[in-house]
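To start, I am sharing the structure in question, which I have written as structure tokens.
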Amino acid sequence: MRNQKITVSVIGGHNADDEVERLAHNVGIIVAQVGCVLVCGGLFGVMEAACRGAKQAGGVTIGILPGKEKEEANKYVDIALPTSIGYARNVMVACSADIIIALPGSHGTRCEISYGFVYKRPIIDMGNWNIEGMIKVADLRGLELKLKELIKAISKETKQS
Amino acid sequence: MRNQKITVSVIGGHNADDEVERLAHNVGIIVAQVGCVLVCGGLFGVMEAACRGAKQAGGVTIGILPGKEKEEANKYVDIALPTSIGYARNVMVACSADIIIALPGSHGTRCEISYGFVYKRPIIDMGNWNIEGMIKVADLRGLELKLKELIKAISKETKQS
Amino acid sequence: MRNQKITVSVIGGHNADDEVERLAHNVGIIVAQVGCVLVCGGLFGVMEAACRGAKQAGGVTIGILPGKEKEEANKYVDIALPTSIGYARNVMVACSADIIIALPGSHGTRCEISYGFVYKRPIIDMGNWNIEGMIKVADLRGLELKLKELIKAISKETKQS
Amino acid sequence: MRNQKITVSVIGGHNADDEVERLAHNVGIIVAQVGCVLVCGGLFGVMEAACRGAKQAGGVTIGILPGKEKEEANKYVDIALPTSIGYARNVMVACSADIIIALPGSHGTRCEISYGFVYKRPIIDMGNWNIEGMIKVADLRGLELKLKELIKAISKETKQS
């Protein structure tokens, strides 16, 4: 049996417009409300907005940073983990997740989605990625329900092992 | 100003005799008591005993795993972060730390100490490593005092920045 | 001035049908004929066929392997470099290249394309990826001409620096 | 049967005094003379001097670079492989080697020696490291004989597999 927290990696661009930041903020709130630890790349844009949401809802946030110093993290990161390995840290943002939520982003986000598939993590599409194999949800309410369903399955599975 | 938790990486061998496991367990207790998050490689021996101590004292434990699955972690890890990068994850165990505590170990531990020096982390010697530049403490009481001193310095520094 | 060999990374699926393997073989021949070192992930499918082509044309092949042992490489790899870091080695296959040629593949290939963009390498599309920013060529003859043009530009640039 | 080149990683400090540079230069000459590809971290000090020696003797040199650009390499590197993963690349310098030769160095070199042990590579001590498990040789002549012996064993082993 696994006594671990369930981790949700929120991925998306470090540049994000207001609408995407609002979405990321709401996603962060939901991740915290369903009781998961929010993991992200620790920097700005989607990452910062999601951490801000999670903190507002009383959650815990982890930033897996590309550089070697904790000062690099956005201010809503509780636990900053500098990796020193640059954007190779993307593999860890994906692999560290029980569940991945993909918001709009660019090549870095696309890279993390690819690693999510390589390591067979469930990936929820909140960014119109429309890639075969990603999980579709209609809206934030749909996201919440899907997260609860996945969490239940993970909890059951790990109790049996 | 940094709102982050202070992280302490406890490093040491995945095979450890009873005496070293007792030491690791006590080190874990102290890390939790001084209010830090315990980071480690997530596996067995020193890592497991230190996590067990931290949990007993009400702390939070993070395991930075070499493999790609969370099941690999010892059962006292709260937040398991599979990296998929093998023992290259040693660089992260060192770099993720505000403070490193080195217990007895073998080549993997030696590697993490080296990275601690490369990335200029303070390294407390609890394993008779006797390497120039490591911080010596006499015993567990000395460890506790040294940790408090380092935490105070880190808090002051990050308040100013 | 840089006295280095120009490296071309050939990326694509480790499962490839006959048609894609023929394409990869021909791409490998051209890479060797224009005087470049062929870099790849060192395994099978597109990687093996491209190495076979390059060897047939008298070229040099490098395999950047995910595992820790050289035995993992396909038999047309001259210089096997086990990384031990799993599929995080994808970042290196991209970053090690002066020029990337992308053949058909799956998530691993997509990941390497993403890293190619992150690290601003020119990426030639030989796999109908149709991603904005990739370089299109009509056929193998078009590939050869484009490679010669890129090589000329790289040589000029590095002579000036 | 493995058709690969045998690789020798030469490791040591990026700051080296005249005596150590002379030693590194001579080591590079011998690595090339016995027919091996010289692998190193691609930077300066021991790495540059060893590459210079290998080039003088007609050998091939590979630099596994911490950064993301080939310009970072010393001018005796034939094939520059930027990894983008910082000093985590040390694991690759060790793991890519059939044989490691350790010259004097500091924490980075010590880290590569540790990884050499983790991944069970033979490590020849040319830097008074005096670590249990390293192979001792008396001088450059002893190095040459030891390399030939190891090469013979590797060739025999890979012919059988």
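Lettered A, B, C and D in written order, each chain numbered from 1.
FYI, a residue touches a chain if its C-beta (ideal position, glycine included) is under 8 Å from a C-beta of that chain, and two chains touch if they have at least 3 such contacts.
If you're wondering where the values come from, they're calculated on a predicted model, not measured in any experiment.
Interface comparison, A-B versus A-D: the higher number of contacting C-beta pairs is recorded for A-B. Repeating the B-D interface, with the same residue numbers in over half of the contact pairs, is the pair A-C out of A-C, C-D or B-C. Centroids of subunit A and subunit C (each the mean of its C-alpha atoms) stand 31 Å apart. Once the centre of each chain is set as its mean CA position, subunit A and subunit D turn out to be 40 Å apart. The geometric centre of subunit A is 25 Å away from that of subunit B, both derived from CA atoms. Listed for subunit B are residues 68, 84-88, 91, each touching two or more other chains. Across the complex, subunit D is touched by residues 68, 84-88 of subunit A.
Residues of subunit A touching subunit B in their complex: 1-5, 7, 37, 39, 62, 64, 68, 70-71, 73, 75-85, 88, 91-92, 95-96, 98, 119, 158, 161. Within the complex, the subunit D residues that touch subunit B are 85-88, 90-91, 106-108, 110-111, 114-115, 117-118.
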